[in-house]
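There are two complexes below, and they share chain A, which is joined by chain B in the first and by chain C in the second.
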Partner chain A sequence: MSGARLISTGLLPEEITPAMEGVIPSTIATCSLAGEPNVTEISQVYYVDANHVALSHQFFNKTHHNVRENPFASVLVRDPGTYQEWILEVQYDHSEESGPVFDEMDAKIEAIASMTGMSGIFKLRAADIYRVLSVRKSRSRETA
Partner chain B sequence: MIPDELVRHLNGPVLAFAGSRDRRLHPFATITAGLRVDAPRDTIEFLVPHAEGDQILAGYRDNGRIALTVVEPISHATYQFKGRFVADRPASEDDRALHDIFKAKASARLESVGYRRDMVYGYASWPATAVTMRVEDIFVQTPGPGAGKRITFEASP
Partner chain C sequence: MTANPERPPGDPLEALDAHIARKSDEIRIVQQITARIGTTLDLDELLAISLEALNSSLGFEHAMILFADEAGETLTVAASHGYPDAGSGVTVPAGQGVLGVAARRRRITRIGNMGAQRAYIANVRRQMVEAGKGDALAAIPRLPGLADAESEIAIPFVVKDRLIGVLAVESPKPGAFDELDEMVLSIVANELAHAIDNARLHAAAVDRSRALDAANAALKSMNESLERTVAERTAELTEALATARRESALREELLRRMAPPAVVPLLLEDRLVARRLEVSVLFVDLMDFTAFSSGMEPNEVFALLNRFFSWAGEVIERYRGYVNKTSGDGIMALFGVPFETATHATDAALAGLALQDELSAQFPFAMRVGINSGAVTAGMLGPRNRSTYDVLGDAANVASRMEELCPPGWVAVSPETSAAIGPYFALSPLGEQAIKGKGMMECFAVARLKPLLEDARRVDPTSRFATAHGGIAAEIETAKRARLSMIDFASLQARDAALGHNEAVAAFALALLRDLRAQGESVAGPVAAIDESDLVIAALLHDSGKHAVAAETLNRPSLAGAELAALRTELREATLAVLDRVGFASLAPVIRELYRFEEVRGAEGEYGAAAEILAAADIYDALTAPKRYKGQPWRIAGALAEIRWMPYCARQQRPAFETFVELMRPKDTAIGGGARPRVVLR
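After this line comes the complex of A and B, so read on.
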């Protein structure tokens, strides 16, 4: 893409971590094998390590379905303090329905639900683990 | 015809995200600011900011597939409109008014629950390109058991 400023490749910078606290909903774009794009809000993108994130699989089966037939996705996360938006290119790796990442995401999602008046509606089905292919700051916030 | 309830949603205080994809089937999305509905023709015009618009517009012109997700940020009422690209053009001064009204409504809604004004106004959403899509499918995406449900509507001829 013209003008893109790559911050790092497959390595999440420390300054992105506030954007993964789930305070502001994130956005994920996926695409079916038939070529139909899909855009959905998700309540949390969880920092697993410098090369991986976990996305909450809650309701939206189209996202879940799409990444299993086409693993490439794009994720927008937003810092609640600065409102900086980041764009991550990711690749679906696997899904976890138990374990430490799942348990921590589950607890955070319940906290997010109670803050947003959605208690009892948000339910984590799985933690979908993605490999980060690239990350950069969105130009949408840079010239405002 | 796009149902009245959804026209009201589109004209309300909302945030909107446009999705596209390239030939490799790699998807991407960006925020949009400004929606114009023509319910009898099943079309929605939306403004794609140039700041992150290159890939989005290239995808539309290449393959014609569009996803547009429109979120009421406090109630979480969300609908996704899917359809095909009809046309694009440089945004005009009339579109600038639409853009400014869209941001004013969204910002007032978010400020009412404690977000700062720059949550919305910090987005570089102008200049922009106006994109017209023909809606073919509408899906509920409000969090809850109804998420993913297709909304039936009588498509215009």
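After this line comes the complex of A and C, so read on.
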């Protein structure tokens, strides 16, 4: 993520990055194989590269369960400076339990957890990597 | 992030332009900052410059620098900027908080949503606590930095693969730092880390140098101080030793005032016990001193009396007396203390005579002297700490009485004393005197040492010596005064009560020499070369080494064998030393011969004529002398017979000894024959 992204060669534009700092919680919508949808707030959608984002897997929950049955999900992120909303269509690709992406996410979680006496309890199990299928600004914002 | 007003918002090109502009700006600023960082090796200044530059040039208002400990386990705030409390010295365990995790993992950590994340995790924590799982939770740590920080970038300082600290930049605004900030800060931090390392190395070098200087200075100072300490300690010890010696000398001096010197060692060891002694006690009293001194100033009276006491004390000590006390203008002296002596009575009489003889030359008044001999008990007497050596007993009272009845200018003695000194002194009767508690006593005044011709034990009045050589004693006195005035014969003879011995030997020898010379050539020939004067000097000095021999040894009864031989040797060597000192070293050979002769009684070899003459005179006077260690003195005839019995003379023609017998024998008494007597000679 520390690589230069002066000119975007993928789907995610440079200007989306402020929305991926986790300042404003994001929203993810998934659907079980049986067709039951689930919408939930997540603290941060991590920018991996112009075609990938990552979600932290800390606890077993419905999102985690659903994407392993049905990899397609929709994510809404918000720019804290402009309140611009972005809607991403993503597909669960794989899960990483080590490597640079995992390490960065783990460090951030560890940093915050240690501040609240939750080291070792609140920890990253894995970084779930999603491929970005599409990205667009929300209409409601543009029409506003 | 300034927007370009020429372009509509959200235009990608406009954003790109702004981005490039900002980046080139920041790169320029970073270059400026890193250049400034390189200007100092002072660590504190370096940190201050860096934080100030981060704030003023790059707008990072809240920043702090922490240093890791050696193990990388803790981080301590070294400098900060933009906090109400500088926080210096606050310590964070590695792994806690954003900067703690950055340090532990040695990776840049940037977070922009700390508030939300904290709230989220705190919520989870609350749920756990509510679910009863709170026990497993760690306490919430207190960390330095803004309480409401939303954004933070923490960059570890890693130099040569070693974590040395961390730079943390915070903001209360969410998402305050982006990737560009992260990049810029990482460049600055990298420069800063190396600058810190250099500054530390420099500081360590300076410290080492200072420590070395300090160690050198300390060593130098220690050496100096050691020398000083040694010198001081030596001075202290020297002083202490001197003090101890002074005190010891003072103590001895004080004790000498309380008791005779001989008992001072006993006093020091607290071993002096009272004992019964045969002594002579001498009292001196000035005649009419009160009347004499009535017109004098008190000071003059005391000065005069003190001078008198000092003089009298010296005379008394010359004869081994001890001034026990003075009382008013009187003196009490003891002879034969603290250890009994054979000569206490003669010593006291000699001292009394000397006092009277020498007084008129010193003081314009007369005195009385009284002496008594007898048993007393001697020891330390008086109140504690003020006791003095003193005697108890009637003998002291009788002596005091003798002084009272003594005619002015004389020495009065009791019957006991007169019996002891009778053989040596001419005594004048003082008649029967009433003595308190004793009844009537026959007392005497000591006139003088008995003149040779009046000493019947030595010279028979019918002998040739008495009839033909009457003037020799006077000749001897003249020679003594003319040539040996430096010798105090009286005190020398007092040591073993051999009073008049030297003069007698000289007179006998001189008379013998003259009688030998008056005979035929066969007898006169061998003595022709003898100088009369030399013979007299040799006779007078033949035992002058007695001053160097302990009186106790001289007077010890039944001395024999090795002890006697040792005494002879000691006496001979001391005598030869006296000869040398008074200018008669040339007489040494004849004195040696005399000693050899007397040791073996002439048993071995031949002897010179002078030695034979001296031997005859000396042996005769020794045999007739009343010495305590010999018991009763020999009568003249017995002594002369003993001389004829000596191995040297037995069955031999010995003209010197035969002539001597003729010189001394009573006119009508033949010498020779009869049983051989036994005698010990000294």
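Simple rule for what comes next: the second predicted complex is superposed on the first by the 119 of 144 C-alpha atoms of A that agree within 3 Å, B and C clash if a C-alpha of one lies under 4 Å from a C-alpha of the other, contacts with A are read in each partner's own complex, and residues count from 1 in each chain.
Everything that follows uses one rule, which is that contacts are C-beta pairs under 8 Å (C-beta built on N, C-alpha and C of every residue); 3 or more make two chains touch, one makes a residue touch a chain.
Fair warning: this is a prediction, and the values are worked out from it, not measured in the lab.
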{"item": "Which superposed partner A:A50 touches (first chain B, second chain C, both, neither)", "value": "neither"}
{"item": "Partner chain in contact with A:E110 - chain B first, chain C second, else both or neither", "value": "second"}
{"item": "First (chain B), second (chain C), both or neither touched by A:S74", "value": "first"}
{"item": "Contacts of A:T27 with chain B and chain C, given as first, second, both or neither", "value": "first"}
{"item": "Partner chain in contact with A:K62 - chain B first, chain C second, else both or neither", "value": "first"}
{"item": "Touched partner set for A:L11, first chain B, second chain C, both or neither", "value": "neither"}
{"item": "Shared chain A contacts, counted only where both chain B and chain C touch the same residue", "value": "1-2, 25, 43, 116, 118, 121-122"}
{"item": "Of chain A, residues touching chain C in the complex", "value": "1-2, 5-7, 13-15, 17-18, 21-25, 43-44, 80-81, 103-104, 107-119, 121-122"}
{"item": "Chain A partner contacts - residues on chain B that touch it in the complex", "value": "17-21, 24-31, 49, 51-52, 54-55, 59, 63, 65-69, 71, 76, 78, 80, 82, 116, 118-119, 121-125, 139, 141, 143-145, 147-148"}
{"item": "Chain A - residues contacting chain B, complex", "value": "1-3, 25, 27-31, 33, 35-41, 43, 58-62, 70, 72-74, 76, 83, 85, 87, 89, 116, 118, 121-122, 138-144"}
{"item": "Touch list for chain C against partner chain A, complex", "value": "10, 12, 15-16, 19-20, 95-98, 100-102, 105, 107-109, 111-114, 116-118, 120-122, 124-125, 128, 136-141, 143, 150, 154, 174-175, 178-179, 182-183"}
